[in-house]
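What follows is a set of structures for review.
Two complexes, one shared chain (chain A), two partners (chain B, chain C).
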Partner chain A sequence: MTSASSNTSKNSPKAAIAGGELRPAVIVGGNRTPFVRSHGKYATASNKDLLTATLDGLVARFGLQGEQIGEVAAGAVIKHSKDFNLTREAVLGTALDPRTPAHEVQIACATGMEAIGGLANKIRLGQLDSAIGGGVDSISDAPLVFSDAARAVLMELNRAKSTKAKLTALSKFRPGHLAPQAPGTGEPRTGMSMGDHQARTTLKWEITREAQDQLALDSHKNLAAAYDRGFFDDLITPFRGVSRDNNLRPDSTLEKLGSLKPAFGKDLGEKATMTAGNSTPLTDGASVVLLGSEEWASERGLPVLAEFVDFETGAVDFVDGDEGLLMAPAYALPRLLERQGMSLQDFDYYEIHEAFAGTVLSTLKAWEDEEFCRTRLGLDAPLGSIDRAKLNVNGSSLAAGHPFAATGGRIVASLAKMLHEKGTGSLGLISVCAAGGQGIVAILRGR
Partner chain B sequence: MSTDTYTALVNQPLGKKIAAALGLPQPVELRRHTPGQPLLDGLALVLGSGPAAQQVADQLLDWGVDVRRHAGAKDRFAAVVACFDAVQTPADLSDTALEVGQVMRQLGSSARVITVSADPSDATDPAARSARKGVEGLTRSLAHEMRRGGTANGLVLAGGTEMSAPGAVGALRFLLSARSAFVSGQFLTVGTSEGALPQDWDRPLAGKVAVVTGAARGIGEAIARTLHRDGATVVGVDVPAAGEQLAAVVNSIHGTSLQLDITAPDAGARILEHCRTRHGRMDLVVHNAGITRDKMLANMDAARWDSVIAVNIESQLAMNQAFLADQARDVVGDHLRIVSLASTSGIAGNRGQTNYAASKAGVIGMASASAELLAERGGTINAVAPGFIETEMTGKMPFLTREVARRMNSLSQGGRPVDVAEAISFLGSDAAGGTNGTVLRVCGQGIMGA
Partner chain C sequence: MTPLITTYRSAVTQTVRDAVTRRRRPRQLPGHAVVVHGHRISQNQVEDYAQLFGAVDPQDLPSVLVHVAAFPAAMELMAEPDFPLPLMGMVHLENRVQHHLPVPAETDLEIMATATDLAAHPSGTTVDLVVTVHRSADEGSETQLLWEGTSTYLAKGVRLQDAERPPKAAHPDFTPPEVTAQWRLSGSTGREYAAVSGDYNPIHLHPLTAKALGMKGMIAHGMYLAGRMLAGREPVGAGHSWSISFATPVVLPGTVQVSYAHPDAQRTEVTGWNGRSSKPHFTGVLEIPVR
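Take a look at the complex of A and B:
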């Protein structure tokens, strides 16, 4: 394969962006690291290490050594300022052609979805023939930050020119300034953790503890079964000696989950239902998805698992309004369905990211709720319920873990494979909530 | 790879003197293959009165080798090819054998002696068969007498195959070349005139697609790298848990990785599907993946026994069945070549390895029994049995055990993973098309099972 052939080939029909026809963006496959609970086996791995290894696993799987990919887009939610060009730096460390352009994307937990969706659009428009989208996160590699007061002193010191000015700046330094601020996942505008936000939503939608624990249990069972039948053989490449998601508890039971004390919404007292068992832990990991035009894939003998049909981003007012922090996908979905002329029941598989069991169940309940759908979504009738046997059938974030930016790539690659196995024309729906009151929903069609 | 400190030591001036004075083994650094190197570093002497000698001489000249038919007193030889194809009775061995003896002191380092003879089992006449068998004894003993990294091997022409047949020419080249560095005291039987010679001897696998199981590390990694060096596109297969190393190997040789457990019932089908969609063909399969679960039989449990049998032989039988099925015809070429890793443990047996030896002897049985099936479609299947090879695995042996094990052969050193890989690359090439159903030892003429 020559590297020069990767950009739009000369013989192809006119690109949509130049007035030609839109073309499908297809998903060739994916790769991810096993997800690992933070401060564990990947404690010394940086975001760049994780992303580089994940890209190299994809390169090996699809024989892309020396290939100039149209564009690589990936992001990290928690990252160092020194990683300003994280994705490009990662690409330069892989076996890909160093002339492969790369950029970063960030929309919290929906980063991977945005990266993949944006690239899919460029392929459909004819701007790219091939692309890799994904994300990485490592809480173990999170930057420690000085307090604003300490930073003010240090910046003043940095600006000071004379010795006297430097001493003046230094004299303002206090021992307390040495204490770094650990990274948190709290919402900057409310000061509340994501879990405490969701706890309110969970309560509002009257989601029971039992229902949440059952969803968590199903996630573990489904993920374990998927591993056992080799489902992840061509979706995961081990990293640092780990070959399975280590949050997975195949032998978990409702009793064990039921014995855990509430971890979020403790101010709710007896009404607190969210535990460490039905919430995702902080996790390290990376994922990438290989996309292309049909021609690009077939020229290289690469498989085509599914088509990336469409995606929609939503946001809610969780600060001043009365909507829950993680409810944005509920709002984005009707717009996506209407645009594609589909109904909620048209899908063979539903992949609803399990930030918390309560998030999934609140979202599903909202879509079933006549009043919510009428007053909040402006619909004549509720979107309705889904066949729960089609939900997260190979496990989701409660079992696998959730390295923020890596969840989108995990879901897209797994769902694409499931749809390919299901058959041509099968449909899959993805819903991923994100910090900042945002979220992305997407549709994939099997090939 | 473990380091062989002793070999390094006796190749220093002082160490050499001490070893010689004490009568200790004196291993030398073997000449190994690098692309572009000459076939031989020096003259070749071709002996014998039958038709093979002239054919060999012509072939060597064609390869640009400086050939002599008689030795000059001052000549230094890199190789001697002694052709015994015309012997009718043991008394006929004498002339050529003694001529070889005359030049033994004129051989260079890593020299080659190759005997060429007809297959004894093709002869019904007692005198003829005993003469041909005699060549085997002569060759094996000569291999023991070789010094300074030299080897002696036999090329056996079976079923009336001419020395000019592609398979015979290919075998001659392999045995002469540095690719056979750790092969000594062995016989390569060429039984048919099948096969073809490559355009470029440095890239005998050009255009071929090769599947290597267990490619993430050790001998498997060396096989993958060697097949790539020889021109093949490599599909590296290993268990999902070895995926990280597998990706690194595959990315460095422009191949593709396939993570799967070869004991899965659909392993063969998945390999075929990968080759079908990604590469459009499959020309060569190297069954390298294997495990050891050593225990004395008295202490053996079912888990140890069964896993070794499942991984080392049952999986290969099942995969071969898939590869040879009619439905695989669109991917698997007519000249499918299969090379399977056996072991000298499978030939000689080894204490604590009843399970492993059963599986590896099984591999040898599989190769011989499948030969006809492969031959029907112009393909071949052979086994390679490594002796002591310097790997991560043998590096973990206790020091003394390892030190003894690596000296127990005619070259007084352990082989390298690449030595096994070279034999596999050769048997996987069209130049070995005349060799089928055999087992080739890469053991430096190890004492075990010799």
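Take a look at the complex of A and C:
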């Protein structure tokens, strides 16, 4: 018998999990499909198709054919029960070594962030040398389910052993049971759509229609400009004949955005400000990010764009309106900043996921608000404002679209590249809100 | 004993007969109570209720399920020949419940219904039906009060003998509070709750039968709204009290705008209203003592 330590090479330092030093987790690069408005070009692509193709694009980009990756973690918010092992099944369909383990993650729209952050932590602890994290979502491939009443009959039929019992079960079936229930975007505990929830928050923070439309316009202009200068050339692989996010409207104007009727909070009457233009559409797509230790990347001659520094998850009590559904990142941020000894103004880039323009603007206003920061965040002084020229500089979800679980991977890969271009030591902040009153904030440092 | 559902059915038929002939100048309420010994709330009823409102602990049943199980005793009282108000067309105004201790399923319960407080109302006469639920005595233990509920009903157009008609209270302006939830109620809500509660009043079942009885359309059961209001919010181990009062009916199918507010640690105030007309459907209060 040899001791367990004989498994560790004599040259490599002890892993942090075994008492050694923490090491950085670095971002090598990423890949995503173009994001496409639901029920369009990807209508017949399943979550597994999208994720497999996106992983294969990453494999091709970084020459990982036949490579055994430490772990792959990804998830989907809306998925079929048959996809119980979605990520592992996708990995088995790629050119990666089939001995690459995979697991699934789900925390609504922050799924990609959680997948990537969790993997980064494992790398830092020395449990993994390499990892791929990301997410996928397809509203076009959403499962339709039977109503509870119909399901009760079918389950009874399934349990019935005798013909008589089977007939008894079948006799309870009614034509109305055939009507399937489509998944909704409503919060289960309130019955309100996410947009109707945000409409309350937007109103509470007195975010104007004009400010929201301006943010949406900036998102489209920034994304279009990023495409024009080839920023996405090494971040996106075309899929099903699509090479650009098809929600992008480069020629949008404030006049056009201003002409749209409110889509959410309609009961607020004249105070309703949220339209289809300043809210994200339902979108299909997938994204993945390649992470590793510095040694793993340098051994393979792979680039190192940025370091995944830290992340923090938050949740708020939204059910009876104590706080807005999408305000959790506002609460998570001060904990992250304090832990890292940073201030809100320390960052070169801010990536705040544009679930709705109102979400971004409410969050920024909350961080500027003395009373909110004191009473809600327990801070002596407000976190303050940010330089808006550093916000979502290459566009965000309003223009690109938001396939729920794929948004984290889109942001991490893009921000890592931006920070790499900016230079070593540059800092980026990510904020992603999620259904269920949750959210994740994260810090990346450029290499 | 007679199953309560049978009592309920006979009460309804009795009512149909009596509605025509009953005295219209009521003077006094029956002095006695209707008592049901050894009633059990069945596991089936628990499961049916859970289908509609979510998971239920069979050892600690929701207040509205206890009401559903016990209220037929009050129906029986109201259907008695000497009950002074016609049952048909009675309007449910309000419910107040004190849920002292957990009510378990499949356990013998003593149910008692009495009628009190016959009172003049601007639109007719109101009566309170008080229902209590005790755990039956067994060896070594006495009966124990678990639950008591008071339901206020209005018999429209019926005038109390020798009573002045009170002036109509001015309708206070209703300003909807901040919405925190929306209930989208389908056209089958009334039929689904009828199947659970045994309350097959035609005003809840189909638009045509409801219109035939003078309603704008088929409407949700008041106690369905109470069940929704309380779903997932009653404390483990009971000890709470709640009330609901009804303003305008919820026409099905329809969406109810709902607000849950917490003015203090033990009090939840609930308001339901129509988002289009801004008319209130109900207001409710749930009090959970801080332990």
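One rule holds in what follows: the second predicted complex is superposed on the first by the 434 of 447 C-alpha atoms of A that agree within 3 Å, B and C clash if a C-alpha of one lies under 4 Å from a C-alpha of the other, contacts with A are read in each partner's own complex, and residues count from 1 in each chain.
Definition applied: a contact is a pair of C-beta atoms (placed from the backbone, for glycine too) under 8 Å apart; a residue touches a chain by one contact, two chains touch by 3 or more.
The structure presented is a predicted model; accordingly, all values stated were derived computationally and were not measured.
Chemist: Which partner chains sit in contact with A:170 here, chain B, chain C, both or neither? Use first/second/both/neither.
Modeler: neither
Chemist: Looking only at contacts as defined up top, I'd like to know whether chain B or chain C touches more of chain A.
Modeler: Touching more residues of chain A than the other partner does is B.
Chemist: Mind working out whether A:148 is in touch with chain B, chain C, both or neither, as first, second, both or neither?
Modeler: After superposing on A, A:148 lies in contact with chain C but is clear of chain B.
Chemist: I'd like to know which partner A:196 touches here: chain B for first, chain C for second, both or neither.
Modeler: A:196 sits against chain C, while chain B stays out of touch.
Chemist: Examine A:95 and indicate which partner it touches, taking first as chain B and second as chain C; both and neither are also allowed.
Modeler: first
Chemist: With both complexes superposed on chain A, which partner does A:267 reach: first (chain B), second (chain C), both or neither?
Modeler: second
Chemist: Which residues of chain A are in contact with chain B in one complex and with chain C in the other?
Modeler: Touching chain B and chain C on chain A: no residues.
Chemist: Mind listing the chain A positions that touch chain C in their complex?
Modeler: It is residues 148-149, 152, 176, 189-192, 196, 200, 267, 319-322 of chain A that touch chain C.
Chemist: Going by the contact rule set out above, which residues of chain B touch chain A in the complex?
Modeler: Against chain A, chain B makes touches at 236, 240-244, 246-248, 250-252, 254-261, 264, 277-280.
Chemist: In the complex formed with chain B, which residues of chain A make contact?
Modeler: 53, 56-57, 59-63, 65-66, 95, 230, 232-234, 236-241, 243, 301-303
Chemist: What residues on chain C touch chain A, complex-wise?
Modeler: Touch residues, chain C against chain A: 51, 178-184, 188, 257, 259-262, 268, 275.
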